[in-house]
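Handing you a structure now.
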Amino acid sequence: MQTNQLLALFCGTLLVLGLIAFFLGRAKAAKVRAGGASMYAQPDQYAWFSVLSTAGPAIAVGVVGALAMLLLGTAISPLYLLAASLVVGCAGLAAGIRLVRPDFHARQAIERVIRFFLAGAALISIFTTFGILISIVGEAIRFFQMQSFWDFITGTTWNPGASFLAAAGRAEEGASAAQFGSVPLFAGTFMITAIAMLVAIPVGLLSAIYMAEFAPARVRTLAKPVLEVLAGIPTVVYGFFAAITVAPFIVDVAGFFGLEASFNNALAPGVVMGIMIIPFISSLSDDVINSVPDSMRQGSLALGMTKAETIRDVVVPAALPGIISASLLAVSRALGETMIVVMAAGMRPNLTANPLEDMTTVTVRIVAALTGDQEFASAETLSAFALGLVLFVVTLSLNLVSVIMIRRFREKYRINNL
Amino acid sequence: MTGHSAGEPVTRNEQANHELSVRVRDLNLWYGETQALRDINIDVYQKNITALIGPSGCGKSTFLRCLNRMNDLIPSVRIAGLVEMDSRDVNEAKMDEVALRRRVGMVFQKPNPFPKSIYDNIAYAPRMHDLVSRKADTDELVERSLRDAGLWEEVKDKLQEPGTSLSGGQQQRLCIARAIAVQPDVILMDEPTSALDPISTATIEDLMDKLKQQFTIITVTHNMQQAARVADYTAFFHLGELVEYNDTQTMFSNPATKKAEDYITGRYG
Amino acid sequence: MSQSFDEISAQLRRRHRKSARLKWVSMGALGLAGLFLVLFFADMLVKGLPAFQQAQIQVQVDYSERAAELPLAAVQEDVRPLVSRGYLRLIPGRMEDNPELLGTTRMEWVMADAEVDQYLKGHHTRLSANQQAVVDRLKADGRAELRFNTTFFTSGDSKMPELSGIASAAMGTVMTLLVTLAVSFPIGVMTAVYLEEFAPDNRFTQLIEININNLAAIPSILFGLLGLAIFINFFGVPRSSPLVGGLTLALMTLPVIIISTRTALRSVPDAIRHAAFGVGCSRWQVVRDHVLPLALPGIMTGSIIGLAQAMGETAPLIIVGMVAFIPDVTASFSDAATVLPAQIFTWAGEPERAFVEKTSGGILVLLAVLITLNATAVVLRKKFERRW
């Protein structure tokens, strides 16, 4: 039988068993109650408890069996597994009905089960983090078994081209050995991130200052959601915009000044990424500036300071931890941004300081390594995970520092809405 | 009220100085539709302490903020009437409120030191106003202001620590030092001790007494004993009106109005 | 004696100028951000709106025996390169379905080739001068015009620009988001309920909280690596399928739903919980019957916003292979599929000029849906916003 049919059979039988459990449980509880005994819970609650005691063990057996097959490769016949779980289900049904007694706390039992399930759901987020970590670290270790870690960190040539030959056992035929020096990728990533920050931090921060300190209330309520639209535009759309509109424009402008720019120049994705990140900075900075106590502003104004002096010397320094925290989050976002650079930045690892040249980034190489028709075990495919590991570690640290800074700020002014 | 013209105190305090500092005539103020001050007339004299007392919401803090135009920060406020300093109407269009605030300093209810070091809290404004430029002058001004505020001995070894690291009473004295460092004519104090413990309060009261040698001090207080202890003149506000302006001693022993008497004797408040 | 007002004002002039400058510069920054937005939308509209129109030409179609063998023969030689090859390919099939067509000759409006389409829209075209003259003549005779492009909404991907549409990608998006919602909504709400209403405030709970905030900030491409390594390579979920894409996006959407649900739960005042406990409800009954219904609008708002985010996500889906070429609209959770953003990505990589238009058209559709979703969320929030 097909797995699908087995699954359908399992679900169907379980449903029937559950219904039986529900009605038997309720009938028994109603009978006990009619007999004059006072019970701890309502008949419906006993009924639901019976259902839980039937379905719970059956599903548990099914899941454990399936996992055992998948993880350990144990050969269990699916039919036996089905039978076993249904038998357990019937046993659970019998036990559940037996427990319909006046002195049994059915409601508390149900609450415990629910609580257990809720906690289980909460664990999924932890599993996700571990899943990311394990999947990346596992494959990255395989990569570092093939390639030297030191060369990866310090090498200046990224040339994975020949690695598929090595994977196919024909390394000698390759013109040159594959090289995985990641320095040019990180240089490209940092260049584009730096350009993005040069756009996003001044524009975002100044917009936040205008909204929080100067703008009339009406402008503020309008401007904030409009800026948020920038954050809601999908990155693939920004990538297209960068590649089709901004990059040719930059080439034209550079040409006007007699400079030569590549159509995959780093400036276009950098600037567009900066635009995308403006609302991250402006929104958080606006919140932080607003939560600087008004008494600080008044203290400065009362000394005969102008508004701008107050903002520059008192408000912004007071809000600085929050602003830095927002900027760190933005940097983390820019480092991990993928679509804009995949579509608008180059593919060529290029160690240069000229933003008009094409250069590539970590995320571009991850995508390139995983979308080709490579053998999964080839060094090039696995290199994606090594790059991913570095990206994970860097963004994680930035996020943590950012969280700690915003927490400090919150404690300083005892603000709870951040 | 008889025997004195509008704005003058009912009874003169003969020990007090009587050079005019601030002259207020027919001052009215509205928050949107609500009138918060009605026809206020008062003459405040130089190098005195004038206390403003009255129940909560009577307009005394609002009145105080008219004197350095802090009410400008609230968009819905409308003001009519004359507030005159140095023969100039502070509300006139060509009056620069920043210039006004340089001459009328303010100390707030809750201490609000800047997120800077103790030294920079004080040096910041004089530097911006070009009162000092050389390091030695600045050091001297910081020391003098802290000495005048009675804080020097406590902080002279930790001038580079943040202002927020001080205790509440010290922070408030830091704010006073900050205000006197720019050498204003008038210092407004908005319940400067209400957030402090009794010992810090006593220190600040002593300080105010010293400072009136150099500055005109107008203070709002909830605490009638404080007004009685420190003020030369006391003004009693009620429901946006200035009910009685009198020599402090007379105000507390023999007030001219029934309302002031009721308030002082604790019949309401 | 201190300085007079006029002396101080004179000193202040420079400082006031500086102050005004900050105001104008900061206002300019906000204006610049707004200008970016306007430029961006204008650019997309100019590039994308023509995609909703498609050139059609009226030609004589000759349903001869020969056309059944060689569809090219169905139209005359001069207009042959102007007719969409996709249309010509259908001719034998139509003749089989309707035998009475055989031997007839009809004037028919047919879909034009993408190059004709581009020429009629005034863009650069690869048509020769002769062919351009033919098109001009047809246009003058009223036999060539731009009509509403239904194909764009009803067909899947194609190598021929005039035949390609967003239907298969739209279906893929719907299937993928169904999986995402089915997984992330219950788990997200359950997690939030646990953290807000049940969990003791201990180390472990704090760990979960920090972890959730962190997940929200992890680059999306890393979720793609997780999907590839765990879902595809380990659990054997079919590559490129809405199932694996949906699961990957679900993990990304989870933090958004958890965080917004927690905010919604927190905004329900404790008085309501106390009242319910007071009449003897158990904790779960309080949550189910009193807290959750009150928090529902907030939960819905957060979920819609999370879904909108997932809908625009591309990078992790590329990693799990959802950039497949899908010509037919299929509704299956396990077959290869693509989604709208991935379709946009694929089209953006096509060299033909006509695909730029398709890409922008697809972008306009995607943006329209996203803006609608977000506007719904805002309206929902406004409508049910309650101050306690």
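By written order: A, B and C. Residues from 1 in each chain.
The working rule: a residue touches a chain if its C-beta (ideal position, glycine included) is under 8 Å from a C-beta of that chain, and two chains touch if they have at least 3 such contacts.
For clarity, every value in this text was computed on a predicted model and none was experimentally measured.
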**Item:** Centre-most chain [mean C-alpha coordinates]
**Value:** A
**Request:** Select the chain at the greatest separation from subunit A, using centres from the mean of Cα atoms.
**Result:** B
**Message:** Roughly how far is subunit B from subunit C, centre to centre by C-alpha average, rounded to an integer in Å?
**Reply:** 61
**Request:** Starting from the mean Cα coordinates of subunit A and subunit B, work out the distance between those two points in Å.
**Result:** 55
**Item:** Euclidean distance of C-alpha centroids - subunit A vs subunit C, Å
**Value:** 19
**Request:** Quick one: which residues in subunit C touch 2 or more of the other chains?
**Result:** 8, 12, 15-16
**subunit B residues counted as touching two or more neighbouring chains** = 98-99, 102-103, 128-129
**Request:** Send over the residues of subunit A in touch with two or more other chains.
**Result:** 304, 306, 309
**Item:** Residue numbers on subunit C that touch subunit B, as the complex places them
**Value:** 2, 4-5, 8-9, 11-12, 15-16
**Message:** Per the contact definition, I'd like the list of subunit B residues that touch subunit C in the complex.
**Reply:** 86, 88, 95-96, 98-100, 102-103, 128-130, 183-185
**Asked** Which part of subunit C faces subunit A closely enough to touch in the complex?
**Response** 8, 12, 15-16, 18-23, 25-30, 32-34, 36-37, 40, 43-44, 47, 186-187, 190-191, 193-195, 198-199, 207-208, 210-215, 217-226, 228-230, 233, 235-236, 251, 254-255, 258, 282-284, 308-309, 311-315, 318-319, 323, 341-342, 344-345, 348, 356, 359-360, 363, 366-367, 370-371, 374, 378
**Request:** Spell out the residues on subunit B that touch subunit A in their complex, using ranges where they run on.
**Result:** 68, 70, 73, 98-99, 101-103, 105-106, 108, 110, 112-116, 124-125, 128-129, 164, 175, 178-179, 182, 188
**Complete:** Per the touch rule, the subunit A residues reaching subunit C in their complex are 70, 107-108, 110-111, 114-115, 117-119, 121-126, 128-129, 131-132, 134-136, 138-139, 202-207, 209-211, 213-215, 223, 225-227, 229-230, 232-237, 239-241, 243-245, 275, 278-279, 282, 304, 306-309, 311-312, 329, 332-333, 335-339, 342-343, 363, 366-367, 370-371, 376, 384-385, 388, 391-392, 395-396, 399-400, 403
